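Next, two complexes with subunit A in common: one pairs it with subunit B, the other with subunit C.
Right, the complex of A and B next:
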């Protein structure tokens, strides 16, 4: 993504003109956006603006569209290998800033270190990212304003009532907007919205010994892995072979995995390195706020709140961190 | 003159980039260990590893135990599903390989020092490449002493090399933990043979340790008690590895990746008051 210098200048696009934008976007791939299917608000294929549900945050992340839950690394037949050559082109429409930033985080891991992940790259190069700015937080679990997010998109839409202020964040976004020949709308900017949930500190390494407080969370944890499945920045995976009955043909596949599962750190010989819920729970939060930033200079959490919203026991790790910070004041 | 390296530490292979190679030589080392040799030019450091696969069974990290640009060898111990199958390989059979991965032992940084290698059981395999390197560059180092521990006589690895090492003025001291019927090998634990002159002072010395975690812990304690500093000690770690390129998350030790930052770590990089090295409640 060749990003442009951030500017608040944009164009105006009437809501009754959205089909023009969508038609232009269709040239860039299959349209995927937040659609309510009766049960979930979820990123799904759509074709008309009217199908979209632009209120609320999608329950699932969009990562399945560039980091499939099951990804074939190669197909084998005897000793010959075939890798995936074709990757779909897709437009992710109506992504919130938390989910857009999550893709910037994913890029660090999969593209900005050697070797690049070939399949991730294939999907990622086919993506066009269209963001929708949140005027207010979507629910009580959002805490994006604590997470130092940046402008990261090809195009971003700001809701202005009966029209959108629309701007490009990349060369590709600019190219798309040029085709629409819209009227300039001057500068317009909005802060990241703040709700009741706020992370009081990200410097949590100092809380290492506060086991009693971490324990409160760990005690409630079921090791179900819902938090990592729903998280847009959790990209840990397992690699396995699937074999056909004749035992010579099959697939080497990559599957979503979770550091919350006990066998995640199991080694041959039977030892499990993170064998308690406490150290698995702490590891997840440390990875996001301490380890990842040490290496990649940005947090591995964008404040989307899904890990709390979707947790069966609603473990509020933000509250725990705030509690520890309160104690040290 | 640059060779046509089939594998090179400068070239990073991703998860789906597996190369098929045939095994050129298979040597049964013990009841449980087999040595696989591939006669292809490869550029690697001792202590690095390959992701080895058999399609349909899977992939696992196996450390390199040689030191040459013309071939590489791996000693496989048949403990897991894949390694058991690898032990059944015959000359001419194919395996999938990608690598070399990881941070090996950078011996060129310690020229002029005395080198001590302490290893137990199958932990001897990864350091055998270190010993081969030291042998090739014998004049660059002062004293060299090797301390190996095995369970019984039948478990001894690389004994065919010991004579050549001794001829190069490298001390080889072997201890057997079950019992010893060999006059040249003591009976006991590796920590029982560390009370020797070379370990009395820590001056200009570097120690490489490889073996099961309890052994590493015990040996480090002995060394620290003798006055060695944590930054003179290098240990080799073992974790579950899937991607080997620092992104699947499986091998993380605190903020470090065993696959890219390790598997060889300087002891002080790991043993701070940090997660994984502290016992915690359930």
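Right, the complex of A and C next:
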């Protein structure tokens, strides 16, 4: 993605004219956006603006669309071996800044270092990202204002009542907007909203030995893995071989996995590296806030809050970190 | 492979649903091509017994002495014994009796005059009595898991399913959490890999696949109690399919805790621990002794 220097200048498009934008976007692939099914908000295919629910944050992430839960790495049939060559083109519409940044995080991991992840690259190059700026905090579990998010999108929409202020964030976004021939709307900037949930410090390496506090979270943890499957930046996977019964055909597949499970760190010989619930609970948070930044110079967590929202016991790890920080003051 | 695997499929007390599930496999003909099916009384006429098998799949729960004798005979006949279905792996519905008063159960079925000669036993999963090499869970046995077993075994690999709870697959299929909707679901404590057909149809998980070995029962129970589910209801849910295994695991979790962390005597944990301590000792059920 060739990103542009951030600018607050944008164009105006009336909400009753949104079909013009969607029609233009359709040329860039299948439209995927937040749709409410009466119970859950999820990212799925849609065709009309009216089908969308642009309030609230989707319960499920969009990672399935660029990091499928079951990815065939190669397929063998007798003596031939084939890999996926064709990747779909998709437009992710109405992503919040947290989910957009999650894609930036995954780019760092899979594209900006060698070797690149071939399949991720395939899906990623087919993506067009259309963001939707949060005017207000979408949910009580959001803590994105603590996570130093960046402007990362092809196009971003700002809700201005009966029209959208539209900005391009990349050359591709600019190209799409040029086709629409919209009226300039001058500069507009909206401050990033701050909710009640805030992380008081991200330097949690100093708390590594405070197991008494971490234990409070681990005690509540069901090891169900909901936090990792709902997290937009959790990208851990397992690689397995699947064969047909006659053993002549098969696949090597990459499947989502989760560090919350004991078997995740099970190695040959039967040793499990993170055997206790406490170790597993801590590891996920340390990976997001300490280990990843050490290597890639940005936080892995984007503050979407799904790990708390989706947790059956609602473990508030932000509260635990704040408690430890409070003790040091 | 030079020689085909010699396979037998047998059942002791059970509904035969798991054995039928083998016949319902879409890949049945391919499987039959790849193995030497020597015995399958439910599915074929000529069955060889009393010889060496590589694998025996066994369905059913041990409820009487004849079951036990059969079970021990099958164990001696085979290199690998695979428990198929909730009866064999966890005791299933018959094993609810372990949590009830035997005399009351007998009285609900038999006449007063018959009770004298009545001596019912506690139904137990087969690994209470013999070594079981592999488990294929579910009520009935999960067809996909059976197929996975066959493929892995034909490849010459040891069959292993990574221990994950039901929740993992619910999330993969974007089935939002039933617990979030206020429905008591056993997903977080139940062994996954079943393609979550119940939650997908809005029916909560009832734990037919037995316990997820890494379940955190204390947290699970207190979460349910916070949601207003009473202890008896929780106990009923836990007992339905795999009460024996759940109770033992809960007892183990409780023993692993230090003295200072012990719960009060009326907690859900204790409800199961008493049963596990008093009646569910492995191979030591009082009713199985004597004679």
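FYI, the second predicted complex is superposed on the first by the 328 of 329 C-alpha atoms of A that agree within 3 Å, B and C clash if a C-alpha of one lies under 4 Å from a C-alpha of the other, contacts with A are read in each partner's own complex, and residues count from 1 in each chain.
We adopt the following convention: a residue touches a chain if its C-beta (ideal position, glycine included) is under 8 Å from a C-beta of that chain, and two chains touch if they have at least 3 such contacts.
Predicted, not measured: the structure shown is a model, and the values here were computed from it.
Superposition model on subunit A: subunit B and subunit C are shown accommodated side by side without a clash. Once the two complexes are laid over each other on the shared chain, residue contacts for A:220 go to subunit C alone; subunit B is not touched.
By the touch criterion defined above, A:7 reaches neither subunit B nor subunit C. When the shared chain is aligned, subunit C comes close enough to touch A:69, but subunit B does not. With both structures placed on the common chain, the touch criterion links A:238 to subunit B and to subunit C.
Here the apex is the CA centre of subunit A, and the angle it makes with the centres of subunit B and subunit C after alignment on chain A is 70°, in steps of 10. Touch criterion met: A:247 reaches subunit B and subunit C at once. Once the two complexes are overlaid on the shared chain, A:39 sits against subunit C while remaining clear of subunit B.
Once the two complexes are laid over each other on the shared chain, residue contacts for A:277 go to subunit B and to subunit C alike. In the superposition on chain A, contact of A:47 is made with neither subunit B nor subunit C.
One of subunit B and subunit C touches more residues of subunit A, and that partner is B. Here subunit B and subunit C sit at a least CA-CA distance of 5 Å once the structures share a frame through chain A.
Shared contact residues of subunit A with subunit B and subunit C: 238, 243, 247, 257, 264, 266, 277. Interface residues of subunit A facing subunit B in the complex, by the touch rule stated above, are 73-74, 76, 79, 81, 83, 109-110, 113-119, 208, 211, 215, 235-241, 243, 247-248, 250, 252, 254, 257, 259, 264-269, 271, 273-274, 276-279, 282-283, 286-287, 290-291, 294-295. Chain contact summary for the complex, subunit A toward subunit C: residues 39-40, 42, 59-60, 69, 219-226, 229-230, 238, 242-247, 256-258, 261-264, 266, 277, 310, 312-313. Contact residues of subunit B toward subunit A in the complex are 12-18, 20, 53, 55-60, 79-80, 83, 94, 96, 213, 238-240, 242-243, 245-250, 252-255, 273-276, 280-282. Put simply, subunit C touches subunit A in their complex at residues 27, 30-31, 33-34, 147, 150-151, 154-155, 162-165, 167-168, 171-172, 174, 176-177, 179-181, 187-189, 212-216, 218-220, 223.
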